[in-house]
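Here chain A shows up in two complexes: once beside chain B, once beside chain C.
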Partner chain A sequence: MAERPEDLNLPNAVITRIIKEALPDGVNISKEARSAISRAASVFVLYATSCANNFAMKGKRKTLNASDVLSAMEEMEFQRFVTPLKEALEAYRREQKGKKEASEQKKKDKDKKTDSEEQDKSREEDDEDEERLEEEEQNEEEEVDN
Partner chain B sequence: MADAAVGKDRCGEQRLVSLPLSRIRVIMKSSPEVSSINQEALVLTAKATELFVQYLATCSYRHGSGKARKALTYSDLASTAEDSETLQFLADILPKKILASKYLKMLKEKREEEEEHDGESDIGEVLA
Partner chain C sequence: MAAAAAGSGAPREEEAPGGEAAATQAQAPASASGARLSRLPLARVKALVKADPDVTLAGQEAIFILARAAELFVETIAKDAYCCAQQGKRKTLQRRDLDNAIEAVDEFAFLEGTLD
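Entry: the complex of A and B
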């Protein structure tokens, strides 16, 4: 795989912000320390991915899922992360559900509206909406692969 | 951090996490055995990485002198990686720094030790 070294790094600005928010006010971070933490974070992703993948393979699956990641955290002795991660997962699922319901509602509203409009004109708009909605749903449900 | 989506980009990423999902995905995919990654797994990995950065920073800061200090330095990180069992996986990428002169001295001493052992049996070396 032709990844350039920079692609495997995380953006400095975000890393710095996370560090600053974690430490007490007024504490400085040397450039070297920040760069080291950034490297460590990339290594962490690799380690977590490899670990999670083992769980997926054990379950005879080719796609990494949320529970694989949670199991990996326990395996890596980061149990402290499990609860906040589960909360984040629930929040994410609620958000996804909200979005789906919102777009379904929009479609219902649109259908109601077109009943009282000209048939030809409304059919054209409907098709456009449907395309857009389908595309949105596809983007959300799509598994992330090459 | 309860990060609701602040300014989503075109693909609606950046929900609940500050680290860019696209970059996290690139790193995950660089792992040879991985075929595909479900969106939830991606989000959780990004979130876990943020928690990890917080953990590493605070741990290293505390691991230092314990008194109120003004800065977090590289050596704080290196020493935390060495001393913490959980952070052992970082020991290789966060080596402690020593003076070159000290390192050369260590190499020299090691070579002298090996020369001494040349005459002994294998068992002797294992027990040493």
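Entry: the complex of A and C
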């Protein structure tokens, strides 16, 4: 049985939390309403993807980018999302940049530490490699004879 | 952000007075309501995007923005549906409130017929 795209649901717990934070305290939501909203969110993503993809194709690109999605929001008449989304994008870019710099820094530190260790290690490996090469050459000679 | 907190579609004027306050309280820990990073798992959003046969590739930023947009959408539709429940003086959001919101708000027209 093929799974329809709309059946790909987003996690219930997260959806519920988002709904509860959007509503005043003391307001509840029925299970049917909650799952309908979850389904609506999936449909929203699918529709937005399709719209965004049209913009990407117009720009002769094969990869969806952030501005395609923002254009899609305007097309879908969700202009009010555009500003918060732009802010979120900037925060996301800062975070990604920070992560990248942090991992590069870690790598630099790691390289400094293991440099001396690696020198000893590579010497051992070279010795092993030489042994293996000698064995292979012997085998080749035997085959040629036969 | 007033835009994010308002939530109602174009035709709707009224807003739950307690709603806005509660919403801003909930968002207070984050730097700004729009800048909070997504809670929806990007992997699941990516799975939805990949389900479209016309999509070749999607950049990481695009996936992130879609996730955040989906969150904003959930907040928006929940608030709009709540306005319907309030009119019925109920404290529990029902499925029919959602259906009413979809019918009433132009931006939700794309949902018609998809939730059954």
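Keep in mind that, in the parts below, the second predicted complex is superposed on the first by the 103 of 146 C-alpha atoms of A that agree within 3 Å, B and C clash if a C-alpha of one lies under 4 Å from a C-alpha of the other, contacts with A are read in each partner's own complex, and residues count from 1 in each chain.
The rule is simple: a contact is a pair of C-beta atoms (placed from the backbone, for glycine too) under 8 Å apart; a residue touches a chain by one contact, two chains touch by 3 or more.
Quick caveat, the model's predicted, so the values are computed rather than measured.
Chemist: In the superposed model built on chain A, check whether chain B and chain C fit or clash.
Modeler: clash
Chemist: Would you check which partner chain A:Ser30 touches, where first means chain B only, second means chain C only, and both and neither mean what they say?
Modeler: The answer is both, since A:Ser30 touches chain B and chain C.
Chemist: Thinking of the overlay built on chain A, is A:Asn53 touched by chain B (first), by chain C (second), by both, or by neither?
Modeler: both
Chemist: Pick one for A:Glu90: touches chain B only (first), chain C only (second), both, or neither.
Modeler: In the superposition, A:Glu90 contacts chain C only.
Chemist: Please indicate which partner A:Asp68 is in contact with in the superposed arrangement: first for chain B, second for chain C, both, or neither.
Modeler: Both: A:Asp68 reaches chain B and chain C.
Chemist: Between chain B (first) and chain C (second), which, if any, makes contact with A:Ala40: first, second, both or neither?
Modeler: After superposing on A, A:Ala40 lies in contact with both chain B and chain C.
Chemist: Which chain A residues contact chain B in one complex and chain C in the other?
Modeler: Comparing the two interfaces on chain A, one with chain B and one with chain C, the shared residues are 8-11, 14-15, 17-19, 21-23, 26-30, 32-33, 36-37, 39-50, 52-53, 62-66, 68-70, 73, 76-78, 80-81, 84-85, 88-89, 91-93, 95.
Chemist: Under the touch definition given earlier, write down the residues of chain C that touch chain A in their complex.
Modeler: So the residues of chain C touching chain A come out as 1, 3-4, 6-7, 16, 18-19, 22-23, 26-27, 31-41, 44-45, 47-49, 51-52, 54-62, 64-66, 68-79, 81-82, 85, 91-95, 97-98, 102, 106-107, 110-111, 114-115.
Chemist: Touching residues of chain B toward chain A in the complex: what are they?
Modeler: Residues in contact with chain A: 1-2, 5, 11-12, 15-20, 23-31, 33-45, 47-58, 60-61, 69-74, 76-78, 81, 85-86, 89-90, 93-94.
Chemist: If we count contacts the way the header does, which residues on chain A are in touch with chain B in the complex?
Modeler: Per the touch definition, chain A meets chain B at residues 1, 3, 7-11, 14-15, 17-19, 21-23, 26-30, 32-33, 36-37, 39-50, 52-53, 57, 62-66, 68-70, 73, 76-78, 80-81, 84-85, 88-89, 91-93, 95, 139-140, 142-146.
Chemist: Taking the complex as given, what residues does chain A use to touch chain C?
Modeler: Checking each residue of chain A against chain C gives 5-6, 8-11, 14-15, 17-19, 21-30, 32-33, 36-37, 39-50, 52-53, 62-66, 68-70, 73, 76-78, 80-81, 83-93, 95-96.
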